[in-house]
Amino acid sequence: MALDVKRGPVTKNAYRITKVRGKTALRIRVPGGHIESKHLILVNELAQKYGNGSVHLTTRQGFEVPGIDFNKIPEVNKMIRPLIEEIEIACGVEIENRDAGYPAAGTRNVSACIGNQVCPFANVDTTDLAVKMEKNIYPNNYHVKIAITGCPNDCIKAHTQDFGIIGISEPQLEYDYCIGCQACIKNCKAKVTGALTLKNGKVVRDERRCIGCGECVLKCPTGAWTRNPEKFYRVVIMGRTGKRNPRMATSFLEWVTEDTVLKVVKNTYDFVDKHIDKSLVKEHVGYIVDRAGYHAFKETALKGVELGPKAKVAKHLNFVGYQYERDENLK
Amino acid sequence: MKLDNPYLPKAYKLLDIRQETEIDYTFRVETDIKPKFGQFVQVSLPRIGEAPISVSDYGDGWIDLTIRKIGKVTDEIHALKAGDNIFLRGPYGNGFNLDKFKGKHIVIAAGGTGLAPVKSLINYFYNNSDDVEELELLLGFRDPYNIMFQEDIKKWQKKFHTTITVDNACGIDGTCEGLITEYVKHIKLSDFHTMEVIIVGPPIMMEFTAKEFLQLGVPEDKIWVSFERKMSCAIGKCGHCKVDEVYVCLEGPVFKYSQAKELID
Amino acid sequence: MSIKVNNKDFNVFLDELSKKYKIFAPIRLEKRGRLSDTDMIRYGEIKQVEDIVWDEKSTFSPKEVFQPITQTLFYFTEDEYKEPKIDDKKIIVFLRPCDINGVRRHDTIFLKNGKIKDNYYKQIRSKIKFVMIECKKSFENCFCVSMDSNVTDDYAMAVRFKKGSALLEIKDESLNKTFTENNIKGETVEFTPEYVQENKVKVTPPDVDKMPQGIYKHEMWKEYSTRCIACGRCNTACITCTCFTTSDLFYDDNKNVGERRRVWDGCQIDGFTDMAGGHSFREKHGEKMRFKTMHKVYDYNKRFGEHMCVGCGRCDDICPEYISFSNCINKVTDIV
Amino acid sequence: MALDVKRGPVTKNAYRITKVRGKTALRIRVPGGHIESKHLILVNELAQKYGNGSVHLTTRQGFEVPGIDFNKIPEVNKMIRPLIEEIEIACGVEIENRDAGYPAAGTRNVSACIGNQVCPFANVDTTDLAVKMEKNIYPNNYHVKIAITGCPNDCIKAHTQDFGIIGISEPQLEYDYCIGCQACIKNCKAKVTGALTLKNGKVVRDERRCIGCGECVLKCPTGAWTRNPEKFYRVVIMGRTGKRNPRMATSFLEWVTEDTVLKVVKNTYDFVDKHIDKSLVKEHVGYIVDRAGYHAFKETALKGVELGPKAKVAKHLNFVGYQYERDENLK
Amino acid sequence: MSIKVNNKDFNVFLDELSKKYKIFAPIRLEKRGRLSDTDMIRYGEIKQVEDIVWDEKSTFSPKEVFQPITQTLFYFTEDEYKEPKIDDKKIIVFLRPCDINGVRRHDTIFLKNGKIKDNYYKQIRSKIKFVMIECKKSFENCFCVSMDSNVTDDYAMAVRFKKGSALLEIKDESLNKTFTENNIKGETVEFTPEYVQENKVKVTPPDVDKMPQGIYKHEMWKEYSTRCIACGRCNTACITCTCFTTSDLFYDDNKNVGERRRVWDGCQIDGFTDMAGGHSFREKHGEKMRFKTMHKVYDYNKRFGEHMCVGCGRCDDICPEYISFSNCINKVTDIV
Amino acid sequence: MKLDNPYLPKAYKLLDIRQETEIDYTFRVETDIKPKFGQFVQVSLPRIGEAPISVSDYGDGWIDLTIRKIGKVTDEIHALKAGDNIFLRGPYGNGFNLDKFKGKHIVIAAGGTGLAPVKSLINYFYNNSDDVEELELLLGFRDPYNIMFQEDIKKWQKKFHTTITVDNACGIDGTCEGLITEYVKHIKLSDFHTMEVIIVGPPIMMEFTAKEFLQLGVPEDKIWVSFERKMSCAIGKCGHCKVDEVYVCLEGPVFKYSQAKELID
């Protein structure tokens, strides 16, 4: 019987329509790009048995195994059961049929830098948050891209995502421990925003200037700077690349807690549900916000969210980017 | 130019242009084309395009084309003046087979521009009233200023029982309010097998009017409809007019209701 | 008579033929495929046998040889019509049995549907000589056997290509003459072309007489509304699709000079059912799919006595949404 | 003997200083993020034997194996010999001592989307170019980030890189094949720059508006649009995220060929060599261009490059981005 | 006498003591480590034994107990000086043998270097009673054995912590009195604290007499110029680093009121060698490394007869550039 | 306030301020502090800071401090007026041990502000000329307007052989061009073991001048230098002045060249 493949369900099962006729490619979700190395064995077997012996490390830090025959999908789904169990279900994602592969693919893999398990600069455990985020939003087929980065260096390129979640720290000073060596002041001046100055031999932090990168804590020889144990995040939203109007994500929330981040992202799915233009094959959430308006978005996104005392919310979104065509926005 | 090129339209002179309604004009064209009742021709304007138009009337050496201004080609036709050239090819389609109607008790229900394709047939019976046992006209228009062929209608009213309906407010004396369908039940019927009912108009109008007649017991093969179809070649080649295995430009546009009801787009 | 020729001699033969014939065959257009770094295999003029791609199915059918994608009907210069010049060179087309059977559908529509013959089609069609490419092994999606289009004898010559040589069965006298007159070296052999006996894809077309009226409104078409994107590739790839649309245009530089031309069209192409005045019908893609399917395996058969579809499988090869037309036919048959 | 590790050579050997005292993490280069799946077995063994049993798929599509003891580096280097041979040397990179691991790490892994081996939208074989680029610039310790993406959708986020190399196609029309179905026109209008219009039933392409995404070729039912077989690239440069002035890369070259791309990137290393501020620990090439000036960069970058007839070169660079501090740029 | 107390009773004892003593010990500051999600273990006041971190080496030494990081010398109110009030509460510090030996270095510099004693140091130091945390197992980078600082008997009490209980050897009479007077339940046991016998890290400090003059300009220091980033962490972590810098300041709100204070400083901290008028020396980080190393294992010894470094290994633990000071000492010794 | 706080400076009255050069002023302070030749004191200004200053001269109940305006503290001192309070503590450092110099053939080479620490010693010999066998002065200044203690120098010139050099153009009569180092060879030398050479000035000047004397055969332990050091506590606690195992504030600032040459920063 010739190939008669319903493209929708296949794509929603995390198999991509590829250029090679009759061949598909499986995208394996790796929340936060962090995985127990033992799973590599399974991925290799998958590529050898069903794929073409090659594997791609995707731009969103998952695996893609190309060269799989469409009709082998059920077998492949059975074979990746351990991945479904030990990665997705382990994240707390509910998946009834464990032999049916991924229940959705619209919401892209939650990518994240290696975070504070390994990188000295990271302010948060990005892998842990990626796992929580996966549970928070998956399975879902709305086209949303979420990335988590451990510090404002933003190696994950949060500024190109729908939700760029940037881990920041609130440095707190133990006045007596500071010896005025200015290591933190020079670093902040050279590499960040110069938020630290010396006054009477002690460092002073300009709260408005400080972007929470935490590098002063790294530089301090006496441990005068330590991090407020409570984890904070800056959330930049609605960035994108693309063929019409690449733009950088812009600040939506600053100094918000982890559950605010999770709730805001969760609420956004209700926003999309309410405003998405069903007539289109798919509509990227950035465009929905453009159309439905930031205030509609903000209202839904912040429903049931208690913002802490330090939290800051954008009054409006001003994007920087460019348009391939001057009239791209004039229809 | 060999004449065996069926697509090749010929230039004919435009004799006279009469305004029927705000958007319908009748163009009288001097031509050797001899159409049968209900046939259509492909009207062509060089560099603009072609459009299928029913022949609303014809006489010795001329045909009338009643054209509504609704598309690229028809807009340009409406810009023509008497004496200009207009290109025609045809006639195409089966049209009404006169024998099927001679000596019959005929009812003609025409909606809006649907009157054009049957006007020539009505005029024939007007001029040969003994060829028909009885002729009843049921003409429906959307609104008063959309009533076409008003002189002809006045003529017809003298000979045939004519009911003119206007969807909303009344206008000309004797016109009645409401859709044609409401008036079907007043039609005097006689023995069905001597009857022929012709319904021409927008698809929804034809469908509901036919239903009314069926309810009165008129058999399906006694009802004739004519399909206004998007045509391109008009000679059964381009596939635009095809419904099921029927090529409307070849087997139509006139169909018996029994066949027409199965022709689902 | 059947002869074995090596490629060198075959080319000499082709050279001779090209004096009187334009020779078309499937050719490879490097990196011109729809997807980057893939080749396009479609019909084009060839000089020598090496140009011919005989071991792969062509993406587009030979249809464009006898039914050009764009065909000028008339030139308008002010009010005067002018038919385009006719190229008097004859045409040779290398094609497979399914395509040969496919051409018959074009003959039916353009020459036998209704009293009037399509003169433009007739002009080209009358100059064509078929050279059948022997097709023994079915390709992936072919179902020619089910549509009994795997066999034909309607050809001027048949050829079995081999590496560096070919077996020719020349039935056509003038071709024989060209061969012998130019004493092209060739070894007479026994060669009768073989045909595909079995396809992977099995299709049972619906029984035309038992087609229920309800098929038009049947549930099954809904699925295709969600799947088909009406991109039209099945129409353009299909050997038996004949629909076209005519339109006029005037040249930019002089509004008084223009032409009327016709271009391929198809029921799965957007705009096919647009009426003047903006009204349109069969807007749901599932309805377009139903219209095409019924036409291929029912309407045409009811009117002309044989199914329109020859089972070449090109529609299944090319559908970006992986909709299998062959499978759709089977579904209809299951319902009948 | 207590840990006495020269941090420079370790970092240059592709081992990162991690947060965990005494532990390092190996970053495995995977040019273009594409790899034979059999190597996964080795990566797993590496993580089990020397690491902590986990592996990270990095933001630049390589592998990172954390939790390796510093003193185990020589052993790990021996173990990854197959990777050095079958990935780096296979790319044409010259590495004398194959048991000494990676000879450099400054120039980051050349990342690339999966490209036209799998993705229908891609205009170029990004994996192939990534391999050529790796040979072109590696080993080198200058801090340069290069990413290759198959089409202007820019999934690899080229707009955040020093060199964002975007594969584009020049669509060529076979006039007679066009049936005026407008599939390409509607797509271009909706999803790109509306560079296609209908005239007299045939499509017309506005060369200046067309950004070379090649989607018209994908949409065309008759194959009227085909790609010029010659591969073209758009090169956007000097984009960055970071703590001071995140900005999007901007167009430097458009419609240039593969060898121009390779040569321009190669020349840039000479530019860096000439202008880098040796006093700094490291200086990102974007900042060097800011300092030394675009014209100095352009001159060096285009040395010995023959730009084709279609090629376009930026007169100057105008960046869009934002500054955390208004005076970030005023020293 | 040596007693075994369970934690509950130990706390009663601590409670009593805290009436007359401020009790300092290594405590865990959750998530206050230099790197995110790591804890900081440094000296702070404790209430009960559960607060004490006895199974891990503290990041910072007990130095901050007797040599506060920031210490106000005088308050100026207009022209009049005023010494800060002195807290008369005595001090108990839980620390390890290496640290106890380390304190001796402070005593030498602040009380015996030159005729004049540092009164501020003396004030605090005189109120301190050492409680030695038994340290049997060497930590990663310790080399106290090589610097013979693994043993000491200079303590008022020694304690071996266990899960939920502890063995105490109380030598100090007043502590004994506090224990017995408040009849704190405890079981007399035989307990003599044991000491680390061996470290993983072996260091042979250079022979003070055979130090060649060329060592100062020796090649070896160049390597450290490329490695050391002069961040100062080795100075601040080191139990024996004693350097400080004094500076004056006036309060924002009233220019006439201010104070003179001294803060920790160190030869590896930027600015240590800046002179008035902008001139500076030992600018190369390798030179700073040489100055520190020579001071720890040569200069101090030449002047006071014992090496300054006690081998606690905190500098090796904390150097972000993974420079091993212990290894550097061995290198110097190899050259000598 | 217990007096055993070594850091506690005491307030003393500023008697008189004399300008020596454009940036050097001598401040006479009424104090009970009795410094020895070459010792220094820590000068303190509340809320500004402390700085080590050599005592340039002293007498009954007063001391002279010649201070160059080069830093935070010295700037503020220069802003003081006679009668203001100035806070001092000290004296610190070993200074010149008079016995080592009595009855010797002494050569004093002083560069720039280096003259301040030895001025009191020279004045002593001026007033007790028989305590010295012979005294030769070699005073170098960067430029004419930087010559200090001009009256004293005039006084000294009468009793002792005084050569004044100015790095560039000559100014006051009798001054010669060029660096001190060039004039060392003209110094009349006698039997070395009766000689004592004192060199005080910027480090480079002391180093090269000492080299000149060494070339002339003067033994290393016959040459005395004085280290101007960055001090903080001045009582051997803060570590700023430490070189090798030597605390300049305790064992210095005066050193024999034999020891001084090994004190590498």
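Observations
Should a chain be cited, it is by its letter among A, B, C, D, E and F, assigned in written order, with residues numbered from 1 in that chain.
One rule holds for everything that comes next: contacts are C-beta pairs under 8 Å (C-beta built on N, C-alpha and C of every residue); 3 or more make two chains touch, one makes a residue touch a chain.
The shown structure was predicted, so the numbers you read here are calculated from the model rather than taken from an experiment.
Shared contact partners of chain B and chain C do not exist in this assembly.
Look past chain C and you find the other chains held together by touch in these sets: A, D, E, F | B.
The most distant chain from chain B is F, comparing centres defined as mean Cα coordinates.
Here C-D and E-F were compared by C-beta pairs in contact; the pair with more is E-F. In terms of their C-alpha centroids, the spacing between chain B and chain F amounts to 127 Å. Centres computed as Cα averages put chain D at a distance of 66 Å from chain F.
Annotation: 50 Å between the Cα-based centres of chain D and chain E.
Distance between chain centres (mean CA atoms), chain B to chain D: 68 Å.
Counting partners per residue, chain B has no residue that reaches two or more other chains.
The multi-chain contact residues of chain E, meaning those touching 2 or more other chains, are 35-36, 245, 247, 249-250, 265. Taken residue by residue, chain D touches two or more other chains at 17, 19, 116, 120, 122, whereas all remaining positions touch fewer. Annotation, chain-chain contacts: A-C, A-D, A-E, B-C, C-D, D-E, E-F (touch as defined at the top). For chain C in complex with chain D, the residues that touch the partner chain are 29-37, 40, 42, 59-60, 68-70, 231-233, 235-236, 245, 247, 249-252, 261, 263-266, 269-271. By the touch rule above, chain D contacts chain A in their complex via residues 16-20, 25, 30, 33-38, 40-41, 43-44, 46-48, 51, 53-59, 61-66, 111, 113-114, 116-120, 122, 152-160, 191-194, 209, 211, 213, 241-244, 246-248, 320-322, 324-325, 328. Interface residues of chain A facing chain E in the complex, by the touch rule stated above, are 116, 120, 122-125, 150, 167, 169, 175-183, 186, 199-201, 214, 217-224, 226-227, 229.
Note for the complex: chain B touches chain C at residues 1, 4-9, 11, 45-51, 70-74, 85, 230, 232-233, 235-240, 242, 244-245, 247, 249-250, 262, 264-265. Those residues of chain D lying in contact with chain E across their complex are 1-8, 10, 17, 19, 21-22, 70.
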